[in-house]
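Report on one structure; see the data block that follows.
We just call them A, B, C and D in the order they show up, numbering each chain from 1.
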Amino acid sequence: MKVKVVINGFGIIGKRVADAVKKQSDMELIGVVKAHQSYSANIANELGYPLYIASSTNKEDFLKAGSKIEGTLDDALQMADVVVDATPDKVGKANAEIYKKYKNLKAIWQGGEKADIAEVSFNAMANYEKALGKKYVRVVSCNTTALCRSIASIKEHYNIKEVNAVIVRRAADPSETTKGPINSLEPALHIPSHHGPDVRSVLPDVNIQTMAVKAPTTLMHIHSIIMKINENASAEEILKIFENAPRIRIFKENDKITGTAELIEYARDLGRARGDLMENAVWKEGLNVVDKTIYYYQAVHQESIVVPENIDAIHAMFEMFKDKNSSIKSTDNTLGISKN
Amino acid sequence: MKVKVVINGFGIIGKRVADAVKKQSDMELIGVVKAHQSYSANIANELGYPLYIASSTNKEDFLKAGSKIEGTLDDALQMADVVVDATPDKVGKANAEIYKKYKNLKAIWQGGEKADIAEVSFNAMANYEKALGKKYVRVVSCNTTALCRSIASIKEHYNIKEVNAVIVRRAADPSETTKGPINSLEPALHIPSHHGPDVRSVLPDVNIQTMAVKAPTTLMHIHSIIMKINENASAEEILKIFENAPRIRIFKENDKITGTAELIEYARDLGRARGDLMENAVWKEGLNVVDKTIYYYQAVHQESIVVPENIDAIHAMFEMFKDKNSSIKSTDNTLGISKN
Amino acid sequence: MKVKVVINGFGIIGKRVADAVKKQSDMELIGVVKAHQSYSANIANELGYPLYIASSTNKEDFLKAGSKIEGTLDDALQMADVVVDATPDKVGKANAEIYKKYKNLKAIWQGGEKADIAEVSFNAMANYEKALGKKYVRVVSCNTTALCRSIASIKEHYNIKEVNAVIVRRAADPSETTKGPINSLEPALHIPSHHGPDVRSVLPDVNIQTMAVKAPTTLMHIHSIIMKINENASAEEILKIFENAPRIRIFKENDKITGTAELIEYARDLGRARGDLMENAVWKEGLNVVDKTIYYYQAVHQESIVVPENIDAIHAMFEMFKDKNSSIKSTDNTLGISKN
Amino acid sequence: MKVKVVINGFGIIGKRVADAVKKQSDMELIGVVKAHQSYSANIANELGYPLYIASSTNKEDFLKAGSKIEGTLDDALQMADVVVDATPDKVGKANAEIYKKYKNLKAIWQGGEKADIAEVSFNAMANYEKALGKKYVRVVSCNTTALCRSIASIKEHYNIKEVNAVIVRRAADPSETTKGPINSLEPALHIPSHHGPDVRSVLPDVNIQTMAVKAPTTLMHIHSIIMKINENASAEEILKIFENAPRIRIFKENDKITGTAELIEYARDLGRARGDLMENAVWKEGLNVVDKTIYYYQAVHQESIVVPENIDAIHAMFEMFKDKNSSIKSTDNTLGISKN
């Protein structure tokens, strides 16, 4: 029997999770839910994704634009085992009241919501087991996901004393054209930034502080990470850990991939849908160890990096896989991001 | 018997033409040729495209990076019926000497070369028939291709008196990260710009002048076109012409597609490989007719717009289709850009 | 006796007009008026500009930030002969009701307001005389001002048959950091754009249509202008007209000024306050005449180009100078932008 | 008797140092030297700066563009007490051979040259005394200068255990329009980046490592600094140190200065020539102390920050001031950047 999934919100994250669910043989996409008319409603129709609307108020807008609608959010939820909430930040909180009306409905929120919205804040590599059988789970944000992945990988082999990370954030997604700045760098005042505490919602015993600077680019974030460990380690050893970890991809200087633009070009060249790079990108030559301090950069594709985590969250909540490795392996195979 | 195609140059255009050739049941991709090692050599390997190198001088670089090489350009050309030259501007001219050594080898160049490199400057919608049976053909540049498409469409119905077009050029392709400017607008001095004469290399009787301004963006160009015709026409009539033309796609204001970023997002959402939009994009509300003057904007995806034209050029040179409509229909079906 | 001036609004335009008024020996800056607290309130204090606030509601905010306040808008208006409204678009309309309460108060609005707010839409070179003795005047927007300047210059020598202009707009001013897009080009749908009719509010007998494309840059606009005249003319003749016109500055290719970034660098190098370039910038090599059609580019510094026009408007309204040439000469001398 | 100064190189740094030298009552600007013709040669003429050319080879270019030339580099050096080399990176090394031919000529290089070009790598706040009476001095780069300033300030009060800094670099200066990227983030591979060792060329006992990410912006760099000290300290105490330090300017959240664009706007509003901000900019709310670790951001105006340091270097080399405080006070007064 397939797990029946509704995606509430068909934006940057929602549309990608919908694509991913369609690729799972043990899940069924009941429908996607949109609040406001836009061209993507017609795309949902074209792709054959049953389209629901958040409220019947806007129905006319959709019909006028030629969209075919199956019903409202409530109609969709009645048929669902789990709803993946991919609505804009803070809307998910209001939606929680709706979801709770359905006794047997499980729910997943994204990292734009606060940690207390769910029973567990989730990252597959860092705390898969915590979500086993849970009803309400929160998949952490793109930046937190990337930090959890690489930190959790190292944590399996070394005792982490302290992590400091500086996040250079893309100011807007490619399609968010009303957002600036066009030519400015903006520090996240109030230090530490919210990313550090958010990592601790997944990995409570990691001592991490974060700073962040917003930059006028749309493609990816870059993290500069400074991690102190208690043992000696070499750059080669850390590199090997990353090479063996799922969802972390190593690039080398002679790949001629000097930054985020070439990383996205690489994903396009690989034939990845939408040019998505769901893995952390780490540069071999951008990794070093000096005096028990590990330095590395990682690039983070904010549009897609949480997509496999949402699939894993469903795996855990319905106990479809008991351990993280099996879940990750299955997810990555279906999404075409396995390492081998 | 399939037409055997070599692609010389595996950059922005070359890799897309290779993908397109692979989709043609009546063509065979003999190989792709690279001059310098980069990650895309390995991608050619991964995609199963036989990889050749321009000269054996750089062989070691490729082997060191783990690439599998089939031979050199000359090895590939010996097996080919036609070579598509997609090398950087002006390199194609030097290559011409090489190609001419092969008696039965036909060749296609791109618009970065001057018109006199070939027998005919080509655009499928504008002068398909001129290339029938020809040995040497030049597919015109992205801007010229887009201009030819929309001008040729209107020219079938009206007498064009004069065209003025202002081209806002993207300053660099997404992967061209060394090019600026970051924050400047740069006019193309020396008016008219080269685009106007280039249109006349395809449509010699069109009276067209062009101006151009470079802008700090990577996604697409936008043309602002001012076309005087001798007859009366309404905006609706011109819109209908574009709706019926192949490779011109109409967008409407309530699609919420306000510019080039959303156009590319649209292409990604449609599942287009690399997020390519091979069609001219025209906005319904950005088209008007005032006093026998037609005004319209068209957006041009410089990375991909000439790809179908290269396939059509092969069709014409080998007389695989005798008329443009059959060729375009076949090409567009294989590339997934047919209108219906 | 000096003309007493209040500047309502101390943003991009207001602060520059305040600087300009301070440089006039026959004007007195009564004060500048701010609606909301920000660092520029303290700068007004530092510069010795009497600071007033739009409403006493926000007084605490200003006091807390250490600003010294002289009173409210009404306090300032009671002392004024003229108010220059430099508030955000559409706020000026609401302010009109306030200004009208003061019988002897004249008022100037900017181009963000509609033409019917004032008795005359004004550009010094195009229609100075129309504003002589007037009570309510609207200085047209940056784009319209630049178009009026160069069109009026040519109109003195040739009969203009038709003008088409394509405006590449900077998407945001340097300090407008919340505005995007970061990487997109956006056409102004609904052709012709509003700029054409706005030129006709100043030059009613010029047949002009405009199109516009927004680009991700902050420094200046660039216009591509296509002007048909009834007589024969050479590029040299048109160039000479521009060379002799005030507020139009010619740049040559070997100045190595390839675009708007170098133009602003040039203004900084000249020691211009804020790096402002109040003149139209025209490139010699970007000007040509083909078949009675004049083609030229002009770059427009949207932050400062209307500043001298505001001073001229005061000149005209108080009949301080009876003809445009005397007014322009005086204004340009005080602002340091005279040609000789 | 005035110190006679030649500025070799009239680019971003050179033109600013020339302006600064002109403001010193105890220095005389012998001339500025340019290698290639551009509009700035004419600006040197307009500003009354005697213009020399690097070699007589290009003389014709200058004369054709109407520039007035006083002679060659050698002519200027013969009259000079000190040459400030502001030529492009690595050219200064070749120039060293020329300078050494003049027995009594002292020389200053910029941070683009390696440390071993001079006797001492210099920052006024960090090691003024080391340059007293020296013949050859190197003023460190913009990033190193900013790091030295804030680190040296804290070092006077606390024992610094370790510093990690992540530098978000502007990819190009405003006038460097050929440089990209337009939409990418590029990490500086090979960790630690060169900035850390460069700080140690001035402050040899500071344990510092640096990482760097290039961003598509032109205005300023932003540093995220993580500094471990041996003692307890509060954010207020560190803030007070910065408030009392010269050349460090504090901004507060309610100044509404959210990033580098508003910082530059602030400098323009202050009437600073070229909109230059020669001080480190530190945000009060972007400074915190957690467990003996100081976190702060500083913004760095790469075009101008080293200008006062060049004046101080001359002070030290000619022992015009025996201690740093007197030199800094004098320099800052003449440049208009004193705190009180």
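Heads up, the rule we're going with is that contacts are C-beta pairs under 8 Å (C-beta built on N, C-alpha and C of every residue); 3 or more make two chains touch, one makes a residue touch a chain.
All figures in this text were calculated on a predicted structure; none of them were measured in a lab.
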Of all other chains, the one whose Cα centre sits farthest from chain A: C
Which of A-C and A-D has more C-beta pairs touching across its chains: A-D
Distance from the mean Cα position of chain D to that of chain A, given in whole angstrom: 42
Rounded Å distance between chain C and chain D, as computed from the means of their C-alpha atoms: 36
Length of the line joining the C-alpha centres of chain A and chain C, rounded to whole Å: 47
Multi-chain contact residues (two or more partners), chain B: 174, 177, 181-184, 186, 216-218, 258-259, 261-262
Of all residues in chain C, those that touch chain A in their complex: 171-172, 174, 176-184, 186, 216-218
Residue ranges of chain A in contact with chain B within the complex: 15, 37-40, 43, 46-47, 65, 174-175, 177, 182-183, 218, 254-259, 261-262, 264-266, 268-271, 273-275
In the complex with chain D, residue positions of chain A that touch it: 164, 166, 168, 170, 181, 183-192, 209, 211, 213-222, 224, 226, 253, 258-262, 283, 285-288, 290, 293, 295-297, 299
